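Following are the structures in question.
Same chain, two partners: chain A is paired with chain B first, then with chain C.
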Partner chain A sequence: MSATLEFVRASRWYGQVIALNDVTTTIGPGVTGLLGPNGAGKSTFLKLAAGQLAPSQGEVRMLGQPAWGSPELFHRVGVCPEADAFWEQLTGLQFLLGLLRLTGYDEAECRQRAENALHEVALLDAKDRKIGGYSKGMRQRVKLAQALAHEPEVLLLDEPVSGMDPVNRRRVVDLVRRLGRAGRTVVVSSHILHEVEAMTRRVLLIHNGRILAEGDVREIRDLMDEHPHTVALRARDTRALARAVVGLPHVISLTFGAEGEWLTVQTAKPDELYGNLAAAAEEAGVSEMYSPDENLESVFRYLVAG
Partner chain B sequence: MRDTSRPVPFARAARAVFDLALEGMVWSRRSLFMAVLLGLPIVFAIVYRVVLATHIPPRVTPFDLYGLLVVPYYLRFAVPLAALFYATALIADEVEGKTLTYLLTRPIRREGILAGKFAAYVVTTLSLAMPAVIVTFFALMTVRGRTGLGAAVPDLLRDLGVLALALLAYGALFTLMGVLLKRPLIPGLLFVFVWELLANLPGYLPRLTLTAYLRSLVRHRPAEEGLSEIFGQVLPAALCLEVLAGAVIVSLAAAAWIFSTREYVMDQ
Partner chain C sequence: MPIYEQTYRRHEARGPLRRVRFWPITREALRLILARRWFLALLVAAWLPFVVEVIRIYVVTRFPEANRILPVDGRLFGELLGWQAFFTMFITIFGGAGLVANDLRTGAILVYLSRPLTRRDYVVGKLGVPLLLNLSATLAPGLLLYAVALALAPDLFWKWDLAWIAPAVVVQSLTVSMVMSLVALAVSSLSRSVRVAGLGFFGLLIGLEVARGILYALYRRPETALLSLQADLRSLGVTLFGLADRSVNVPWAYAAAMLAAVSIGCLLVLRSRVRAVEIVQ
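Here is the complex of A and B:
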């Protein structure tokens, strides 16, 4: 993975408060979810990436250049801030036109790009209405449109779906996924787990200013050796299945689910379990199998609690 | 063709910021308040024409009255106050409104942002102050006919120039205060209404004020302005222009340097 964004032992503190502590990571093309509770350091991470803050220590590089003090980067980087802040007297179109002019486009191209971006976030019909009269969801979308309008290679989105209704949330999630598939680097922060999970499986978990884990949710899960892995199996004969696995040295516990259809196995070595299950699964008539641990919420809970 | 390896050229960036800032600045409550403040002498001039002209002794000429308005009211009060309220807010408003992020995440140098906003301030305040002074001038100077009006017009033009210079000088200083201090309003008010009184003292102290230089450039100073009547210093015009230009350049350069190196943390 080629690095678009690099943090090298980067720390940032405000007075006595450490917001980000000795962070080293690289982020490449595709969608990366920045996940953590409020106050974890997500916004500081994004502000450092967007060159809004200088690292107190270490280095932050965007597209090979120092993020701080390189305004030319914003030809290629789009930022959607978290704050619900606008020049309220402007219409949606004027807002985008004004910001596109600051990106150096001529008037005709500004207009075309502004309208394209408004269309992308389904706001073209409301382009001539003042932002002051927009709903919360519309304000979120126009904020996203200004980040997209110059078609940047890198997008830094701070809580982009916060306050949106389910329909628009779906639309934005689809848009983010599409941008990721198109090879853009999208870093999207959220404290709501299922929001991130809907956009990507590649996550960076931040807690108390430190990166707790990064990578695919399943890979992260595999790293947590101290925690048992859970595998849920739906079978015709769960008792036969239980008999097949109960003596295995890596199996920690077995739980029967409602109506005896489900068996939940906790194991220290999931790969060995999957190998051992091959024969027994056929005999017991296993029809469904999943790991609840691959759900982002459970991973996050484990990591933070750990 | 855009060169994406460099920031947008300074002049183009400043112009785009100017366009964006001007609209918000002109149609603001601040401008409404300032229009009232700067337009008050017009009301006075009209009242004078209608009511007072017949009762005031002929030795107090409309020209004296106009001179009284230009220096004490505009130069010592309305213009510094307008500069204080607009210029300290150039960046502070964006920080408070959390909209600065939009400007700081564009491929433009921060100096361009400051220049564009300062230009918007100058245009806004000039378009509020100049018409008010012109209307006041003609309303007062034509009370007793148009005799001598032609000869007085060059003075009006000079006054307008001095007022423009005052808006630039105070504006640059307060822009610097705005980027330097978190709460610049009180220090700004102290500067206008306390520090600038040094202009009325004898010796070299008046040279530490902007008022002394601006006042020296005005041709018709009022007869009574406190201690200045006694110590009344008129500094050479060339010196005044040099000092005022220097104050503008130094203040703006310092403000641009501070703004371009400072971090702005917009609280959520």
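Here is the complex of A and C:
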């Protein structure tokens, strides 16, 4: 496997804080999951890979060139940042057109690429709506579309399914898998094992700025299953949702949020929960779903101690 | 070892970087700003002094004795640009204060810098917005007024010894527009709020001008002009157009050095603030 992205003893400090510590790794075509709890150094890893930060020490190379100070690489690299990075008054189409113009395509090609990318993320119908009126899932998808629109060889996706409802999550997971199968290099960061597992089996485990392990996600999964998993769901009808999941054998507890919009489910088998959720989620109008990282944190503590 | 489907067609990187990379940034921002009707009204209002000066020239051509009360000569262009500098302050606040602040607030700066652009392209692209808007309120009316003056009053303006007017208009307009734009952009980069950036820019200009006024009233020394950006710009105008304003009558080189220092300071601020990643230490 040829290396698309190489970290050679790369470190990055923010003043006294070390965000990434002496990382050496190579990433090739296909999907690679970057897994770690919040504050582990995942975003710093991606920003170094994207050349948006210079390494304090060591070297980061993207497609054979130093990542830092090579803006021409962005013809071949697409970045989907974690933060909402929008001009709210623009429509989805205008947002993509503006960014494609920066890449240097002519007007007709910009339009074609923008529409293709919006189609890819199932937003073509909403292309003329202002981003300010988009739901959380739509915002995530339009952000993904801007990273895809110039058909880059490398995609760096920072928490791409964070906050998405189950249907959109499925869509994005399928898209990422498709891109990986097509031979593109896709690096996806997440603090949720289940999300990464749905996209790839190759993971880099990162914690406190260090790569703890890399390889097959199943080994992490075995460790993970020993810990209860928490899933928070925002739904129109949380009571209906609770009724649908309360009888499942792996569900340990249910907690309603303060305003009745949120339901927190603790489960011993997240896979089964996600599997059972699809039908119930649609019925109860689930609009957002996320998993706090405490359980993953405990796995990391276990790994570090071990 | 994983086997990948060989369906992906490799796309070649489009050479190194394009030559003119900043223009799409400028164009998109201008498009958004000019879509606001009230801003267009402000730009139109900024041409009122031009209309007044045209009428003045016309009156003098019709009634030559009026030239004694309202002299029409090279100073007229300095007076026009003095008015225009006032309008550029508002054009810059409403057209420039949010340019970087908005991108910092929304994180859009990261999206910009994930394109084949350098940070310099980003700054030049953003700088182009207030610069072009300000030039439309200084250079355009200044040069057009000169053309109108040549057409309406050739006997007054078709003179070799008044050939300096056009270059002086260009120099003063570029200086006013560039300094205002740089200061606005630097202030914008220091905040994530458009309001704070706008008020900061306004406060900086007015605050320094008020301080200069107080010091001048106390000590009657023209050197106090060096304290205020607007006074420095006026001081250049006094030199270029032969205006009479004792309160800012300092050697032009001092005023120019002060404006250059401010501009360099603004560029340094932009250099440290315009980053894809904000580093908080």
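The definition used in the following text is that the second predicted complex is superposed on the first by the 219 of 306 C-alpha atoms of A that agree within 3 Å, B and C clash if a C-alpha of one lies under 4 Å from a C-alpha of the other, contacts with A are read in each partner's own complex, and residues count from 1 in each chain.
What we mean here is this: a residue touches a chain if its C-beta (ideal position, glycine included) is under 8 Å from a C-beta of that chain, and two chains touch if they have at least 3 such contacts.
This structure is a prediction, so every number in the text was calculated from the model and none was measured.
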Clash or fit (per the criteria above) of chain B with chain C on chain A: clash
Partner chain(s) touched by A:Gly247 [first = chain B, second = chain C, both, neither]: neither
Which superposed partner A:Pro166 touches (first chain B, second chain C, both, neither): neither
Which superposed partner A:Ala54 touches (first chain B, second chain C, both, neither): first
Partner chain(s) touched by A:Leu102 [first = chain B, second = chain C, both, neither]: both
Contacts of A:Phe74 with chain B and chain C, given as first, second, both or neither: both
On chain A, the residue positions that both chain B and chain C contact, one per complex: 14, 47, 50, 52-53, 71-79, 81, 83, 85-87, 89, 98-99, 101-104, 146
Complex contact set, residues of chain C against chain A: 1-2, 4-8, 10-11, 13-18, 21, 24-25, 27-28, 32, 102, 106-118, 275-277, 279-281
Of all residues in chain B, those that touch chain A in their complex: 2, 4-9, 12-13, 16-17, 19-20, 23-24, 27, 97-99, 101-110, 263-266, 268
In the complex, chain A residues that touch chain B: 14, 43, 47, 50-54, 71-79, 81-83, 85-87, 89-90, 94, 98-99, 101-105, 146
Touch list for chain A against partner chain C, complex: 1, 14-16, 29-30, 47, 50, 52-53, 71-79, 81, 83-89, 98-99, 101-104, 146-147, 151-153, 181-184
